[in-house]
Every structure is written in C-alpha cells, then in structure tokens.
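Common to both upcoming complexes is chain A, partnered first by chain B, then by chain C.
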Partner chain A sequence: MGTTGTPTNITQGSGTRGGIGESTLRPDGTLKVTGEFAYSSDMWHEDMLWGQILRSTVAHAEIVSIDTAEALATPGVYAVMTYDDLPTDVRHYGLEIQDTPVLAHGKVRHHGEPVAIVAADHPETARRAAAKIKVEYRELPVITDEASATAPGAVLVHEGRTDHHVGHVPHPNILHRQPIVRGDAGAAARRADFVVRGEYTFGMQDQAFLGPESGLAVPAEDGGVELYIATQWLHSDLRQIAPVLGLPENKVRMTLSGVGGAFGGREDLSMQIHACLLALRTGKPVKIVYNRFESFFGHVHRHPAKLTYEHGATKDGKLTHVKARIVLDGGAYASASPAVVGNASSLGVGPYVVDDVDIEALALYTNNPPCGAMRGFGAVQACFAYEAQMDRLADEVGMDRVEFRRLNAMEQGSLLPTGQRVDSPAPVAELLRRVKAMPLPPERQWLSAGEEADVRQLPGGLSNTTHGEGVVRGIGYAVGIKNVGFSEGFDDYSTARVRMEVVGGVPVATVHTAMAEVGQGGVTVHAQIARTELGVAQVTIQPADTRVGSAGSTSASRQTYVTGGAVKNSCELVREKVLEIGRRKFGAYHPAWATAELLLEGGKVVTDGGEVLADLTDVLEDEAVEVEAEWRHRPTEPFDLRTGQGNGHVQYSFAAHRAVVEVDTELGLVKVVELACAQDVGKALNPLSVVGQIQGGTTQGLGVAVMEEIIVDPRTAKVRNPSFTDYLIPTILDTPTIPVDVLELADDHAPYGLRGVGEAPTLSSTPAVLAAIRNATGLELTRTPVRPEHLTGTA
Partner chain B sequence: MRVSFTVNGRRQEADDVWEGESLLYVLRERLGLPGSKNACEQGECGSCTVRLDGVPVCSCLVAAGQVEGREVVTVEGLADFARRRAEHSGCTTGTCDSGDGEGISLDEAQLGVPPGEAWGRAAKGQDSQTGEGVELSPVQQAFIDAGAVQCGFCTPGLLIAADEMLERTPNPTDADIREALSGNLCRCTGYEKIMDAVRLAAARQSEAV
Partner chain C sequence: MDFLRPASWEEALAAKAEHPTAVPIAGGTDVMVEINFDHRRPEYLLDLNRVGELGEWEVGESGVRLGASVPYTRIMENLRRELPGLALASHTVASPQIRNRGGVGGNLGTASPAGDAHPALLAAGAEVEAESVRGSRLIPIDDFYTGVKRNALAPDELIRAVHIKKADGPQQFSKVGTRNAMVIAVCAFGLALHPETRTVRTGIGSAAPTPVRARAAEEFLAAALDEGGFWDNGKIITPSVAKQFAALCSAACNPIDDVRGTAGYRRHAVGVMARRALTWTWESYRGAAARTEGVA
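For the complex of A and B:
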C-alpha cells in the first residue's frame, strides 16, 4: 500500500510547477466564462441547413405507410429521407449489437423512434415540414415489463435475433442474463440467525446533460464529410457512422466540439448519422440541434430496475449469504445493456465479504425507452437495494448500522463474488468511519440566522408550508463499490500523441488525444501530466479529433486512468528520445550524461542530484520529438456465463455517504440538509476537479432519491414527462452543502496510483438519502425516487 | 421583420426575422452571439439568461420583436458591462454600491483551502487555451478560480444571474445566493463550487472597497 497522498510510479521529478497533484485551472475556463467556447449547438456555417427528425408517436407499431410528398413540396425544404433512402445495406447501428435502425423500417419499437429526417433552410420550416409527413401505424401490443415480456405468446421485440447473447438467455425478449454463483447460498442460509428479504424498485433516471444533442455535418470535396460533434467517444461513433454512409473511415473526419455534459447519455449515437446523411444528400452543411423535449427521446436513460434480495447474518453480525435477482429494463434496443448487466451482477453484493452468493441479473427487451449507460452503470441500482438490506439486517442483528457495515466490509485481499481478488486498497471501513466522524449540521438549522425561521432552509422552502412544525430529522449512511474502466475482457486502450519542440525560444509540449472532454477536466489533467513528465511550463492541448488514435470512451471513470496513462506513457517515450539527443550532442562534455539518472525539470535536463546538464532549448534546437503510442491497463477476462467467475474488472472505486434530511411528515416534503462524502481517490491529480466530480456525482444521486424519474405510461409505453417542467433535476435550493473527505491510498497498478473518481459518489448518495428519510419517518420506502405521496400514505 | 436593439452597448439590426423567433435565436443564429445557451428553450434552466433593460430574463421566452429599441447584455458583454459599471460608480471591481466592506472574508469564501494552493493561480501554467490577457468581470474570474466551471453550459446564465445579484446584494448570505440562483440549473458541479465562486466574488469585491 502506498503512503497516503504519495503518487506511485513517478518516473520524473515532480518539481515542475503546474504538474500533477496541484489544482491547476481549466485551460478552457476563460473561453467558457466569456461565452466563446464553441459547443456543438453553437456551430455555424455559411449556407447551412437545419435538420429535423420525425419521431414515432406510438411505442410499438407496424408502419403501414409513409407519405413525404407534402413535406418535400414545402418551400425551403431541401431533402426528406426515410429508411428507403439510406445509401447502403448497413442500416442499423449499436454499441455492441447493431440492432438500432438508422430510420425505422416497417416497425417502430419505442415512443420517439426516428422515422424520417428533413433538411430545410430554417429550423421552424424543418419542424413544420416534418409535421407534414404522414405516417400510418398499425399498433401492436406493448411489452413493458418482465411479465409481459415472457408471457406465453408474447410478441417478440426483436424477431430472429442473431446476437451472441441469444444462445444463453431463457427467452428472446431477454437481452442478456448473467448469474454470479459462488459457494452454496442455500446451505449458508441455514446457518443464518437472521434473514431479511426485500423487493426494491428503481425509477428511470435521465442524464439531463444541459447541452442538447447537436452537431454540424459539412460535406467535403472528396465525397467525405466533416462532422463537428458532442460525444463521449469519437472513434466508437466513427465505427458506427462510416458503414451506414458507405464511406471509408478516413472520409468521415470527426472533431469534438464543446460538450455540454454527458454522464453516459452520449455513448450511443444520436443525430450523427442523420446530419451526415442530409449533408451528403443535399451537398450542404447541415446542423441538427435537439430541443429539450426531443433530448428526452434522443438518448438512452438509466435502467429502471426491480431488485429482489435476501441477506442473512449470524447473531454476531457476519453476513452468511446473499441471494439476489436484478431485472433491468433495457427498453427497445440493446445499447450498453449487456455490460450494465455484468456490472449489476458482479457488484451486486456491494463492498462486503460474503462467501456464499447466488445472484442473477438480466436485461429485458421491451417497448419502453431504450436504456443504457448512465454514471454508475448498473452498480447504482444494486447499491440502492443492498444498502437498504444492510440497514434492515443490522437492525435485526441489533447492531449499529455503520458498525455492521464495517464488520462486513471488504478490504485489500478480499474476494469478490466473481472470485477476483481485490489487489489494491479497499478502505471501505475507513471511509465509513470518516464520514460518520464528520460534524453534524446543527439541529433546527433553519433558525441559524436568528429567532425567525428562514423558510428557505425548510422543507417546502419559499412555499412557506412550515416554520418547523411537523419537521423531523433523519440520518442515513451508505457505501458502494464501482468498477473503473471497461470490464469483461474488453480491449480498453487509449492513444496519445505527444510532441516536444522549441517555440519562440521556450520548450513546448503538445498533447493530442481523441479523448472527449465532456466537462470532467481531462484536458486540465493532460497538461499537468505533461508538465510533470517533461518538465516544461507550456503545454498545448490539441482539439480532440479522429486524426489521432482512439482514446476510448469518456465513461466508466476511466479517462484519467487510461488516457492519462497514455499521455504519461507517450511523454516518457518522448523524454527518452530527448535524452538520447542530449547524449548525442553533449555526452562528451559531462560524464553524468552516461551515468546518472536524468530528469527534465524547469525546461532543463538535470541529474537526480539536481545538477543542470543542459537547457532543453539547446538540446532540441530545431528538432521536434513526437511520439504517438497506445497504452493499455491490465487485461481483464469475461465472466463465465453460468457461474460469473472471472477476473472481470480492472480497478474499484469506493465512496461512502452520510445524509441528513429533514422531512415535513404532514406534507411529505423532504429537505436534504447535508450530504457528506468520503471517497478514496488513490491519488488526486487535480484536487479541485476531484472534489467537483464527487459533489456533482453526489447531487445526481440526490436527484434520483427525491425527484428524478421519467414516467412511462404502463399501458402505452409512452413517455409522460419529457421536459424540465415535469422531469425535475436538483436546483441549487434542493442541493445541500456537500463536505468531502478525500482519502488517497495509492493503487500500485495505476498511473500515479490514481483511482477513477467520477461514478462512485453517484452510487451511495441515493441509498444514504433514502436511509435518512426512513430514519426520519419510520417508513419502509422500497422505491426510489421517493415522492410526497409515498411519505403521506396517499400513494 | 427587422428588429433593432442594443446588444452589449452596440446597436444591432437583424433582418428577415420570423415572428416566432426568440431573442435567444436571434442572438445565437443571427447576431453571432452563441454565448447564451439553449439547454431547454422553455424557461426552466436559466442557461439563456441575459439582462433586458437591466432585468435578468430567459431570452428563450422573449419574442424577438419584444426587444425592439431595448438594451440587452449577454455573457459576451459581461466583462465590459462590469467594467463600465465600476467606472461609473468610481470603484474598480464592478459592484461597489454598499462599500461597507463587511461580509464574507476571503478565507471563508475559500472554505479553508490555503490561497494560491487550491486555485493554483501561481502554478497555472500557460496552456494554449487559458486566454490570459482577456479582461474578465470579478464573477467570471471567480468562477474559474473556484472550479465552478465543468462542462460550462450553465455558466453563461449563472454568471449573468450572479452578477446581477451581487449588484443588488453585495454581501449575500448563502441562502440569498441559493435563492437568487435557483432558476439556473447545473448538472455537473452539485453547485458547491458555484457557491464558492459567488462567495469569492463577493469577498473580493468587499476587499477591494
């Protein structure tokens, strides 16, 4: 185990200012506060057209006919395209399984599925023309849950499946199923002195990134297309777009434009292919910008889930076994569902030691909105359920809820239910101790400003529904485990091109990757790494595009680890070349060139003893050193399809939360007063950004605890609240103070000992808030989000 | 139709405006001012907030024709607006009406993190995109320094709203800040760094008096 806060694997003096471990400021900060930063929806081109998508008004239907004549005849309209106009035989796409039609063919499988696209010279003209397209539907019965999906004679959402999961699922409306079986849960259950069983429901959450899906496609003279786009992974998009257009990948040139948040919602394609199709059809640049209504249909959501758990413990508080069944609603198309199943199952018992486990997780194909990646990715739903179970079981045993967790907490060396050994620090008990030790906010905090109640600090806020009467405080705890990086044998590499040269008399490093900066601050960290490794003050970060190799996805808390690792690796290779040049030029003048460990620091070549051997400007002169190299973390392996055994994960990330809530029990209104978090980050490369990630993730967990849910009508499978008026995300008034205690226990396998940060806080936040509300009200509360009617008994 | 109005102190005309267009659309698509953002276009998120004759409004809910002859300030003009306001009132930081110097200290605003360390101004380095030399208003600088910017899509609207609040309330309590910014959604930060930024801007403003 590394010393707290000390980065491991530093190959280079860390004396260069602005290097890793400092809270350097965002390189794009000034552009973002002046309005100059160009997001994908800000793109503009002379002569550009506006694209519009016509989406299905029903969830499941055969398309009897599509009549585009009137739309095409609208003045200002340049093109209308349907499935029949697609240029090649490749007419479907998908992250893992190519089951998603570019435009609907003969059938629509969910509300809001793209049916036709229009290009016109004004966005309103495009909208009105799209509304003139006549689509006749013959409605089919809707599959909305496990019962309807597997009922005898159920309509199949996808006929004739050929994907690689179909052979091991019990029903064609089940997309993927992953059991995790270890030990003998049945026998272990007989040893249990206490057993608790529970059924839990997790609502459908939306990423609700603020920057809508958008981009600009510009046709090129060589028959190709330039695409300016907001995405999480340029090369994954490219792989899906090019075949549909019938173009080789080098003729689809993609540049990342400003990304207004992602949170998993930009892993799948949205308007990319549609904009390119219209641009190539019309020969003009085409811009598409969703509005918020369309955005709710334009990306996948977090899987709603039904979770059934049985936990057992001995009377001295040791877990005996866990049995669980996790049913995730994948909606109409596969998206990332199979990987979400892998996470939900393999992390299904949480950060606890349990020898006897029997878990089954599966994803359904239904006619509900497609679900896929969102921050936390399957581990979120499981954490909500197992943490509720842990509270109930602690109560049964008669132990303090935090102590019960600490007694069963995993640590370095523990085995996961997959049989994988945790071979880096796993300070689960310590995080719980720390979060519990934080000072509590004062009782009756709404009186903190004086005698009068400040209603802004009470449930109901300025609605002035209470001055403190009927308000009860509750406190709840939770902890979670999230994997970092892509799992189950995926070749999860990244690429970095690093160049070093003298510009204007000073040495400058240039870093070029295809990493999608979505707000997380990867660009800040890349510059820090280059300073640390190359000892230069000035670093230029090139825009991300497809002229450099893949960086993998900005997902799974992986970019600082993997693309950060790639930047570090390429910097090391550049450094070796620079030193080689130095030895060639100056080696004869000083023996240290041959004998000493050499570093680059402060623009100079120095020995590890600090003696300056040469200025980088003299070493490089007119020469530029450039390296582009791929970098990989340790390989993983798939989970066995029957037992779930296998070294499936790269790294784990742990966070613990304590929630303090105040509930107006008469009206069912909840005020979250404080949401404290303790998280191990291995090594904080940029402490300011790390804390920002933890606070942001915590708040998204708060959202799905008390307000956020996409409501899908169970009779029609239609979305009922696709707007920020009806789908609520936390405002600054809903969000409490979020004190953060950052622990830094180095993971020796990772660059600098760092640990992926972004997702873990989204896991434990939700169950902590639920636990606090249960603590305040005494109610069981087995679903999230909690709404007022669940608290007043009027649901 | 033609719409004439003042944007960031300059007279602007937009021709061939369709009657249904919003002020937001005219700013973004006709006047080349995309700083005001289009996150919901239904008045719920505040990312398109501009000053209209001094009043913060969601520009997505203002019909373009309504701004005829009026004055608009967008994020692109915020630094200049704050500078002129400061010159007008004889102070250097933007909003110096109260001048009593009370309120949150810099230390409090920084929540116990040593100055220069967490915000690394000394160690900022010289990345190509930092845009040194650009004049910023106090609240813009505070958003950068406090780490209140992640994806940045909510930032322009928040800056306009926060600047306007500090103009009215130079020494806000936390509850004042939360109330004033409750119409601006942010999905990345969890708002804590935004609170820090506004406290910092207020503190620097008090210090400078």
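For the complex of A and C:
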C-alpha cells in the first residue's frame, strides 16, 4: 500500500524553541506546494478493486425497477449492490437524523442520489458497468422552495417522519424551526423613528475543496475492515458506518488519510460505507475516488437562503428592534440542517445590542441537493442580510455606516437575543475602528506601474475588457459574529493521548489524537503545545485513527480550542506524573522539589525561579509516562423551542472587513482590490497559520460575493454546473491584497485564552464586498453572488 | 479505442484517410476533457504530437504561417508584433499550463463558439490550410465555421496550419468572463483595423451558434471612416459613430441564455467591448502609424 498522506510521524522541531506563539512551519506545507503530499486519492493496494457509484439522473422519482444483470455479467466486475443487498436492517445514516439511505430505496429524492454500487478490477470497467444498470423511474413533482414545499397537497419529501423535530414544525416538509423571541419587537417598532425592510437571497455555495472524496477499504482477516479515509471526524463516521455493515465498532478500524480540504463538506459520509460494503462483499481492497463532476453530487453544500429583515432605529441611531425570517433550503436530507438553523436564528441579529427581537429560522426539506455544513454554518447567510440592513438603516438615520455599527456594537457583558451573556471580550467596535483606520489603496491603482493600464489590476483582468473606462471605485464595511465549538447542549469533547519517554538520549513527546488534519494546521499546533507544556524539543505526532478516543469534528472553528485543549490537558497530566517520578528519585536532594512550582523547560525540570533541578533524561531513564484523557469545554444548553432562550453557545469569534472594489459599471465586472480584515483571536498560537486562516476565509467569502454558485434548475431540481468550468472559484488574480490586523484579547475560559479563528472572516467578507459594489454602482443588490447581468440590468 | 501515432505528416494524412472517424489530438486540452467525462468515445485517436512541423511557424513577407499545434504561449511570446489580436486572445486562454499545450488547430478543430482564437482569426481574415491525401486547400476563415461545433473540414482532412496576414494596423481583443482569469468566454470580441485596404474586420465569440463577424458594423465603420477622411486626417472618431458601430455589433449577435450568462447580457457586453476596442485601436492608429500592438 502507498503511504498515507497525513503529515504524521514527522518529528518536528530541532531546539527547545517552537512553542505556542511562534510561527513554526507546517510539516505538510512543503510537500503540498511541491506536489509530493499523498492525498487519500493517491492510495493504492495490491490486488485492489475500484468502486463506482450509480447516481440518479432525476431529482424526485419512484424507482420502478433496477436491473443489474448486464452490469454483473461484464467481465472484470466483482460485485453490484443495491439497497436489497445491504447486509443488515440498518440501512440509513445521518449526522443527527438517520434519514439518508445508504442506497436509494423505492424513491430518489435529489439529483445524483446513490442508487447502486459496482466493484471492478479497473475504474473504467466499473464506470461502464454502472452505466449498464437499468433503472426505471416514475418521476414525481419536484419540491424546490418554500411555496412548493408547503402548498396544499404537496408531496412529502419524507413520509412518516419520526425524528425529534417533527413535533414542533408546522409542516412535514419543514425539517426544523427555531424562533428567537426576546422583548416585544412589535411594541419597539412603534418607538422607531426609522424602519427599513428588505428581502435577501443567498445562492448555493460549494466547499469546492480540491481533493475529491476518496478512500480505501481493506477487508481484514477477523471479518472486520480497515478504512483509510479523508474525513473531518473519524468517530462520527465510525458511529454511522459500523451498524450498516453489521460490525462492532472495534472491527471497523479507521485511519485518516491525506485530506485535500474540507470546509464542512466532509462532515457527512460520502463513499465510506460504499467502499466498505464492496470490500466485505468481494473480500478485496476497494478504492473509490470521485471525479470532479461526481464530487459536486457527493457532498452537501451551503444552504441557499431567503431572508426577510426589518430593522428599526431611533433618531440618535440606537437600534430599536429586529424582526427576521430566515428560510434555509436543506435539500433532500437532514445532514446538519437543524444546527445550521440554530446558528442562523441565534446569531441572526449580528454582533449588535438589540433588546427586542423576533426571529424565525427554518430549514426546508426539498428535492434540491442536500445542504449542510460549510464554513460559517448559518451565520454566513444571516450576516449577508443584517449587514445590508445596517447600511441602509445608517443611511436612513443619516449616520456614517461604521459609526452607526460602532454605536450599536455588542461588548463584553452584552446580552444576545437568546438571553445569553457574552462573558469574554467582544471588541466589535474596536475591530471596526481598526479596519477603517487602515490606509486605502491608491486611486487608479492600475496606473501605479506606469502610463499604461495594468489590466491585471482592473475588472476583467487579462481578458482585457477595460483600460479604466467605466470603472468606479466602491468601499464597503461589514462585521460578523460566529459561535465557536458545537452548541445547544452537545457534549463537545476531545481526547488526547500523550506519551513522554527518552529516545536516543533525548526526551521525546508523542501526541496521539483522532483529530482530522484537513489543512487547518492542527498537527503544527499540537506539537507547539507539547513543547510548551513538556519542555521538549522533539514531538512526534501519531497518525490520526480510531485507536484513540474521539477528537470531535474539525469544524465550527473548534479544533485548536478543543483538541488543542485536550492535548494541553493531557500534557499537564503527564507533567504531573513526571514530577512525581522526579520527587521520588530526587526529592531528597533539593527542598524545591517539595516547595516550588515546577516546570519542564529545555529538557529539564526547573523551578519557577529558573533553577534547574534535574534533566528529564535522568528523571525518566527507561520509564515512559503515558496519559489518555478526555477534555471538554464548558457545557451549553439547548435553545427553548418556542422562545429560543438559552445559553446555547460557548464562545464567539468576531471579524470585521473593509472591501475596496473597482467595478466596471458598463460590463458589470468586479475587481476586488483589497479586503482588509481585523479579527480578535484571543491568542495566536501560530500567528502565520492564523493569518492564513483569515486570508482563506476572506477569499471564500469573496467567492460567494461575486462568482461562486451552484445553479439548480427550478423546474427539474437538477444541477446545471457541476464542474470547475462553470462553478467558478477565485483565482489568484481575483484574490485581493488582504491586510490583516490581529487582536489578542484573551478569553479566560479557553486554553491559552485562544478563540477559534477559521470561520469568522468568511462571514463579513461577503457583505463587505457587496456593500462596496453597492457603493460603486448605487444599485440595491439584494442577492449574492452578484453576476454581471445584475449590474447591467440584463438579468 | 485505437491510438494512432503517425511519425510524419504524410503518415498522419494516410491514417486519417484510412480512418476518417479518427479524432486528431495534439495538446489534448479539449479532446481529453471530452474523453475523461465520457462525452465522446472515438474509435481512433490520431496523435499528432510526433509531427514536429505542426509546432513551428514561419514569418514571411506579408504573413505568418502558423503550425496547427503552436502553443498559445509561443504565440504570446513570439508573435505579438505580427499577430497582436491573436496574441491578446492567446493571453486569455485558460491557465498557463493549458496555454503551454493548446494551439489554434485545436480551437478550429473543435469549432466551439467559445474558442478564444476565433474572434481574432475572423478579424485578421485568416485562412485555414487543410490537407488530405487528395491534396491541400486554403479555407477562408469566413467559410470555416459551419454550425455549432462544426467546421468545413472533410472527413479525411487535417488542419496543417493557419495563414494570417501580418497586422497592417492596430488590433484588439476583449473577452468577458465572470472571473478575472482562467475562464470560458461569456462572450468575446476581436477588432482589426486594416489601413492598407481601408477596411475593418470584426469577430464575435460565444454570442451566436458559431463565431461570427459583424458585417453590417464593419461596413458602416469603413464607410464612416472613408467619408470623413479619417484614415488620412486621423481625427478622433465621433461618439455617435462609435455608438452606432457598437449597436451594429450587438445586433450581429444571436445569443442564448445559459448557465454562464443571459442573451441580453451578451448582446450588451459585445456592444461595450466593440465601442472600447474601436476607441483603443483608433487611438493607437492616430498615435503612431507604426504602432500595432495592443495595450495588454
């Protein structure tokens, strides 16, 4: 078998430096840049078969018949499986609600739903055989929006629902509904001097990770299976996979393989169960790799949304109330939709103080592609709408847009509309002040190199559409609030196993977690934490697998907080044990062993005054100290289903953006010149990684502002652009300069005071760009992404 | 699928004569995409990569004979002066990797209305050198595109080269895509001034079933330039002339609504590009008679 690509077993660091707060380099960085990193799609096993999935060609239909005879008869084909071939009665899976069939049963509910799987000795043979499976569909009307979902006599996407949300939703095609009601928004509206109402539309964004879904399942001699897989959460996968296979969890052994990006798109299962089923059926290793086309059908997307907002303010610019209705399209299966609803509603006002709030957020079941987790997770859609509203309301009041926001900004001690008090720094006004104070890029910056226009700095870029004609600059601001970690009472823990021993005459720490490294840099940070806590130069990061307890998901900006916290905690427990050994061996030689605060630094036991008591090599000798422990952040509570009140979140992350754009107002093309960001990160464990996260999140937000959208035909619910030819993501020429101002105001409840970083910049980037385009064009622009036809009146 | 690998041009012609359904492949930037996605499964692939002469070009007295496989990168780097419109268009083709592989022969063979080279070839008045075992012929570019992804080649013919006159005046090329690099054209526009013949030629991409010229616009502009003695006096073109030229270019479009843009937007954008391209080329003509390069 080829090597798996997770950057593991790489001994990091060569001195006593490299602790937290330093920008140590990522172990996988050079490999990725030079193309040597082994991704999950690069794995190979002798004698392996290739799996292929047959997907539905229609969005909503009864399956009349499936004929696999011709596919099975194809030379080179080892197995063809449909729903009827599944080995146990557990035939559905799902993150929260087990509503997703492993293979379609009786009905398909969205375009591209898996119907049958094939294993063959060559990928092309598998593809051809899959194409020979004859599926007869009887098409059903498609549910594509709220109107069709709740129309009288609407077909139910899921009949006979028994999930725990069905009792509180107004219609079975509504998956979950969460109101947030505080104060009396109706009464407060009467006190408002200014009221603005708006309707906003958010398009369907894709995570567009570059490494397609892929993995390798190897049948084991004990009847179990080993699965090498790119995922965001090994143990969540395991919990869903094992029952379908009819195996106990300890017979499904999972190892993380090289992950080519995730952004939420790998929280749900994709090919995991299919590969294992085929491996167990054939007795051979089975590899599955989606191609780019299939990848667009192989994972959930960001929920498209319709948002209706009403904001009010007094003459002196104080917010009186917010009313909002947020309708998220969850598509055919539940995925993470209920939690996305929780975020969209509870964070629906943004980082502002408002006493009177009436919000309703809901997710629909439709026949559109399933939607679930993506960076920003419900808070993104809301931020796009409330920030547009804040601009409009500032204009009505006659205040500067930034000053209006600062006047209403929340701070430490403020109450959220859920009644939860913000109990750590919330420097919203300060972030806005900082981002506004940054110097602006020069006017007509495309002429900075000389007399002739540098088209790369103009809208249209190398396509040479303008040399300055029709180009108008615009500037826009936005700020957002994102929760960090899993909310609403979820038991959000992680596990770390840390070992310390002497290897080759030097003390070495080994860190073993099941944390999915998806590019966020967790493996770098874990080594930094171990160096800081244990005073060793060398740290070995073990491969992430299911031989150690769950690390929770690499999502919700939580891994540095939670698994970082678990590593810190286990290191502290190891340190205690090491000091115990030291006291036992050397306590008699120096009174400080009993009286002083002792630390591990530079491979030695030292007092807090810096006096060296012993070398770690002498303390440990042949002994190894190992601890595996779970660690959890403070508990949260569910939101009340009628009022939305409750201490639902554990931490918040804030970012503010200023966007500077040049718009070709005649052609409707946009060049984002600069996206300045200010963000509070509590404590930057690795400053370089922090800036990378902020720039990446900012760029992903830019993408959905001006280009990224999965286009679904409203008549057929079929995806029209499943390729990188027509689903456009920003190139380097679309990516602006991103100056980043990082604040470090510690959250005393979090390890090292840190604050989750990865998602907040994705929130405010989009509305800042939209505000800048509105500023340049004077257009209302209530939908994102903005397309050239929206800017030229030719839609 | 059989993979034919002729070692010479003669062998390639013989193979194409023997297997008229064979699909020629050079850079593979179009053909391989179609094969990978199973959109196309040709019986034979005819690999032209061993025919070295297809990657060469000759600059003659009056024109350039551009081998069918000369990569776009070479055109950008070496033929900016002779073929400024095509060089600008080459710059907008996909990514650097694809520009290193793809050439004009592939654009012509595929004959997609979205091919980036077409508007520049139309504006320059190129001729396609097609050859079979039966003989060689020059197909005027105006007669080459016969339908959506169809061209005037006979089943046994291969594209050997494209003959393009050296620019005798300024040329421009613009393309609209919804991002600033590496994008398929929503629509594109090429313009060449030909002071020697006192004519202008245009080319429009992605705004009709085939690449097209805006003939009415060309005739209107040529007449307007002639009438006012503009070619000799080098006066600024009046806004009303530019506006009318743009309107006629828009009117030459016959676009569709698709996932990349609306028909209305394409018509509008072609007009804007036409007006700007006219301004740039004319300014360039007025500024320096010798200067023919584009700005980008």
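Here, the second predicted complex is superposed on the first by the 772 of 795 C-alpha atoms of A that agree within 3 Å, B and C clash if a C-alpha of one lies under 4 Å from a C-alpha of the other, contacts with A are read in each partner's own complex, and residues count from 1 in each chain.
Simple rule for what comes next: contacts are C-beta pairs under 8 Å (C-beta built on N, C-alpha and C of every residue); 3 or more make two chains touch, one makes a residue touch a chain.
Everything numeric in this text was worked out from a predicted model, so none of it was measured.
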Touched partner set for A:Q520, first chain B, second chain C, both or neither: first
Greater chain A contact set [chain C / chain B]: B
Touching partner for A:T794 - first (chain B), second (chain C), both, neither: second
Partner chain in contact with A:A126 - chain B first, chain C second, else both or neither: neither
Contacts of A:A614 with chain B and chain C, given as first, second, both or neither: neither
Contacts of A:I143 with chain B and chain C, given as first, second, both or neither: neither
Which superposed partner A:T725 touches (first chain B, second chain C, both, neither): both
Contacts of A:T698 with chain B and chain C, given as first, second, both or neither: first
Touching partner for A:L462 - first (chain B), second (chain C), both, neither: both
First, second, both or neither for A:V435, with chain B first and chain C second: neither
Common interface positions of chain A, toward chain B and toward chain C: 291, 456, 462, 725, 730-733
Footprint of chain C on chain A - complex, ascending: 127, 291, 293, 452-453, 455-456, 459-467, 469-470, 666-669, 671, 706-707, 711, 720-721, 725-726, 728, 730-734, 787-789, 792, 794-795
Footprint of chain A on chain B - complex, ascending: 18, 20-21, 28-29, 32-42, 44-45, 47, 74-76, 78-79, 117-132, 134, 136, 140-141, 143-145, 147, 149-156, 159, 173, 175, 177-179, 181-195
Touching residues (chain side chain A, partner chain B) in the complex: 17-18, 22-39, 41-42, 44, 122, 124, 207-212, 258-263, 289, 291-292, 449, 454, 456-457, 462, 518-521, 523, 527, 531, 537-541, 687-689, 691-692, 695-700, 723-725, 729-733, 735, 737-738
Chain A partner contacts - residues on chain C that touch it in the complex: 36-38, 88, 91-92, 172-184, 186, 259-262, 264-265, 267-269, 272-273, 276, 279-280, 294-296
